[in-house]
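To keep things simple, chains are lettered A, B, C and D as they appear, and every chain counts its residues starting from 1.
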């Protein structure tokens, strides 16, 4: 197992922890945090590939990670604002109850 | 070398796993900060210092604060931060799904011959990054800026209390 | 002093300007509107006389002034003015009779609130009519033709608050428009074949030898010469406008308009436009005469239609009780005579009759107007009676008109022009049926006119209105007197002894034939006239009607026939049951197709699109009326099933995503899909 | 060439007006009306200026503006003016202010109304002037948005449905057109109408499309055809039109019928015919039947309508079908008869202009009746209006007789030339089309008789005002123009005759 593969395995596991959290928890904030974990796992991959990949001089992975973090920040802000808005409306933070979009 | 990585990874994964299974949200959030710190250690270890700092600033500093605020804003009393236990079926199905994804990913990672580059750490100074962001990647930077601005405004609009409605409720 | 042909447009332009003035004059400006109209028409009359003088310098010539109207592709579209004796005579007649009728209207319409509008419309009509006459282009003629139709529409519907008048106006416009579509098609065909619509253009016009040769030599698959087909299509226009069978139904209804309008439009001028049109395109109509191998000559149809109309009009007129309707049907009948004359080859006789008829029919209508005016708008001859002593001038002039129309021998103009037509019909080689029809119509004409005069003027007043009648003012009686004088005198310009008019119209000297040539026919028709008048006097004048409700002597003898004729042979009902039904059926079908089929198909297609996710609900609702209920239900159910998976549960979505990812990857790797 | 970008000025001045209205939310209704009208008039002013600088003896594009826009897609910002465009720009310039004036008394959110109206006007002008598919299609689609809102927000009770129907149908049609042009771009690498026209004239367009796959030339032709046919609309793609026209506010109906329906016919003449002459030739016989269907069914369906606006809407279908009848007859026949061809094409162009004048005037009149009766516009809701309002009746009569094709007014000469051309090319079609002329007369006169003649009844029985100053301001100039162009068609023909002559002489056999 090369170092790159080790990095990737770790990030995969992190991703899956996030996924399990997002799937199993009903508290909206926790679901969001799970998703954040999944994003972090993806970022780890960028860095890992940059570091151990074929052409580290291109710096693409780093740039991608930076943008990804920026977007993740935006996502977290909006997501949490949504949680607050939904809470104000429904007096609940349980995700199952926010199902008004049901067809 | 790989030992450090395994340590960092173990710390990070454990923190994340525990955070996802705790019933008290405040505790979860704090543990997650630990996990994010682990991620930033990983970046440092990999030589991407700037990303590591960004990770600390954004996640450990900002997102965690926002999460805590959100938690505090959405509870009605002290006990509210402790959420009810999840239903068994949901937990099992989540574990099944997560486990299968994990198996798939790990087997894919291990089963794929990946090309690797030079072993020495690439040098990427902050100045290099700055040049890149101001030069060839300027469009990306601008777009990210716009997205952040819009997200900020959107978040404010969403979370802002409408005075009339507040009175009514 | 002569009028150069380049200034010929002034003749229609003057009334047009007067119409403009009339349109812009407020209701109070009666003297302005009427003064402008009359002055303009007098001006046109003077110009027409000058034009006639110019035209008679060389009667055989066609003076033209053509100009470009607009560019068309590489060429230009041209219009023009034409001056020859035919239209010069027409101009003089129209302006002269028109002027008298305008003056008469001063008195007749005195009390009407829309007096200025009336003169505006009258001037518009005069302008359009003169436009028809002076046009050197079939298109310009058509334009004026339609404007005449418009003016007629406006004038028939002048008392538009009466539903009958409004309906009659619409009927007139629509009926004539049917004929006009034929004219339009004929015009299009002619244009396509000859490349020009100018009548005369230094040898290049469509009525000149070069074009005609091409038209008559080409044949259609049915063996008909092209010129015949075009001629017949153009004749359709004349049938509509001149009230010929089978499109005559509008003319009697048109009597809903004010009486001067009936006199001007539906007796003297507009209805004569059809006759004028056929006379104008006579070279085209007769281009197939030289051909022997064609199944049909255009003029044969004209003669047949004319004969049928002449007879039918006269028969129906016998059983009418409205003074204006009797005159209307007599107009139909007389126009039939003119068409008959055209058909049998004597357009000169037709024009002669057109001119004389214009005078005496205008006289009769104005006389009727005077009667109606005097009798407080009572038009039913059964309600009138005994008016002779009360309305001396009207009676005298009306009698002159009646004798002229009946064709009383030697003194009256109608006699000479009718003789000319009968003479021409006698000489027609194809058939003598038109002559026979014409002779029968002579008897009937004399009979029903005698009936009309007897019922109106003889005996005793049979209603309050007729007992208190009083003579009309001078502004109305003077035109009557002038017209009466003309009705007598105008006949002498075209007697067999001195055929001046004929020679001027054709442009070649016509030799007066002796008194005894054709004398047999003349004697016969004199006898027939005498018989008709005698019968009329015997039946109606000897024992005059006592009460209004008393049955007509003929009605007493043959009630069903009288009722049938009185209902105008039920032709209106026939049309309502056929043409009207077909029309409304077509409308229903079109509307239904539109409502259900087209909308349905498009909606159905729209719904297919929706299934792919385009605006589901809106189009679904609108589809329900499309007759595709079942289809839409099915689609809706399918949509419901699909929408059931949209639970709104974010966990489920996320789970589906993850499972889907796993399945996808497994399928790709294990299934060997690369 | 003139340095000043006249054409951009024509297109964008209304949009500048819209922008100003958008930026001044506090503007009073009166001021926003005035501002909208002012900017709306700019089209007529610029149009007349452009016409004065226009060399009418020349067939090609003039006052051309061409700038590289998106170089990676080979897209140009390319505007140009020829006789046909100029004609339609002038028409837009006349109809738009009239449309705004028609809704002058509408108190509902005046500023927004003016804003949408100006947006719509600018988009329509862009369609008439753009020479590259990319900007052309942008304008084409952009015109839908304001039209949608004009119908939906200011329309009658069924407006929402009508607006959705309108937008769904038109977008559905243009989706096919977009697909077609995507294929064209893939095959040729250009979207310029001029270059594509040259390619088509050399027969290379079809060859290049065939090189993609054999069915593309037909598929692209059908796609573009569908997009345009829905817009005109060609029978039987018309079923969106009656509800849309009937439910739209009066000013909107006027613009829809006066200008937007011309966009479709314009597309046929500017795009479909030059780009796909062979396909159009092949398809022309069935299309002739469709156009005739529009002529006949439109007129007869109008006869059955009791809603006056729907009636005028159907008469629009009838009148526009004449234009297409002329084009399809030309396409069907090829060059066999140059005189008839130029006649038919001149007629179609004249008919576009004249229909714009008379149909919008008719809609205006119906709108005025509606305003007086408090929203009623049924055929049987009126009676004897001529007694109550003689001046108004007279002006309506102008519009009606113009629409009916009375000689001496503008409607006649276009119809005559179309029939003259069609007769020369396919006589039977002209003969059948005459039925439409007859039915038009029938239903218009019925309308006139029921509403204006007879004793006063229905909505006319009470107070019924004669034409107001505002109505006179709109109707008198329109009536004057009808008379003017009826007597002197050269004023219009002179603009586009060289173009028609070129078309007629360059037709493919």
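To be clear about the criterion, contacts are C-beta pairs under 8 Å (C-beta built on N, C-alpha and C of every residue); 3 or more make two chains touch, one makes a residue touch a chain.
Keep in mind that this is a model prediction, so the values were computed, not measured.
Annotation: C-D is the more contact-rich of the chain pairs A-C and C-D, by number of C-beta pairs in contact.
Taking the mean of C-alpha positions as each chain's centre, the chain lying farthest from the centre of subunit D is B. Work out the mean CA point of subunit A and of subunit C, and you get 87 Å between them.
Subunit A and subunit D have Cα centroids separated by 54 Å. For this pair, subunit C with subunit D, the centres built from the Cα atoms lie 35 Å apart.
Here the spacing of subunit B and subunit D, counted between their Cα centres, is 58 Å. Touching of two or more other chains is recorded for residues 19, 23, 26 of subunit A.
Looking at subunit C, residues 651, 655, 658 sit in touch with two or more other chains. Looking at subunit D, one finds that none of its residues touch two or more other chains.
Chains touching one another, given as pairs, are A-B, A-C, B-C, C-D. Residues of subunit C touching subunit B in their complex: 651, 655, 658-659, 661-662, 665-666.
Across the interface of their complex, subunit C is touched by residues 161, 164-165, 168-169, 172, 235-240, 242, 296-301, 303-305, 337-343, 346, 384, 386-387, 390, 394, 401, 406-408, 412, 416-417, 419-420, 423-424, 427, 430-431, 434, 437-439, 441-442, 445-446, 448-449, 452-456, 488-490, 493-494, 497, 500-501, 504-505 of subunit D. On the side of subunit B, the complex with subunit A involves touching residues 1-2, 5-6, 9, 12-13, 16-17, 19-21, 25, 28-29, 32, 35-36, 39, 42-43, 46-48, 50-51, 54-55, 58-59, 62-63, 66-67, 69-71, 73-74, 76, 83-84, 86, 90-91, 93-95, 97-99, 101-102, 105-106, 109-110, 114-118, 121-122, 124, 128-129, 132-133, 137, 140, 144, 147-148, 150-152, 154-156, 158-159, 161, 169.
Touching subunit D in their complex are the following residues of subunit C: 23, 69-75, 117, 139, 142-147, 150, 157, 160-163, 165-167, 169-170, 173-174, 177-178, 181, 184-185, 188-189, 191-192, 195, 583-584, 586-591, 593-594, 597-599, 601-603, 605-606, 609, 614-615, 618-619, 621-622.
Only residues 19, 22-23, 26, 31, 95-96, 98-103 of subunit A touch subunit C when the two sit together in their complex.
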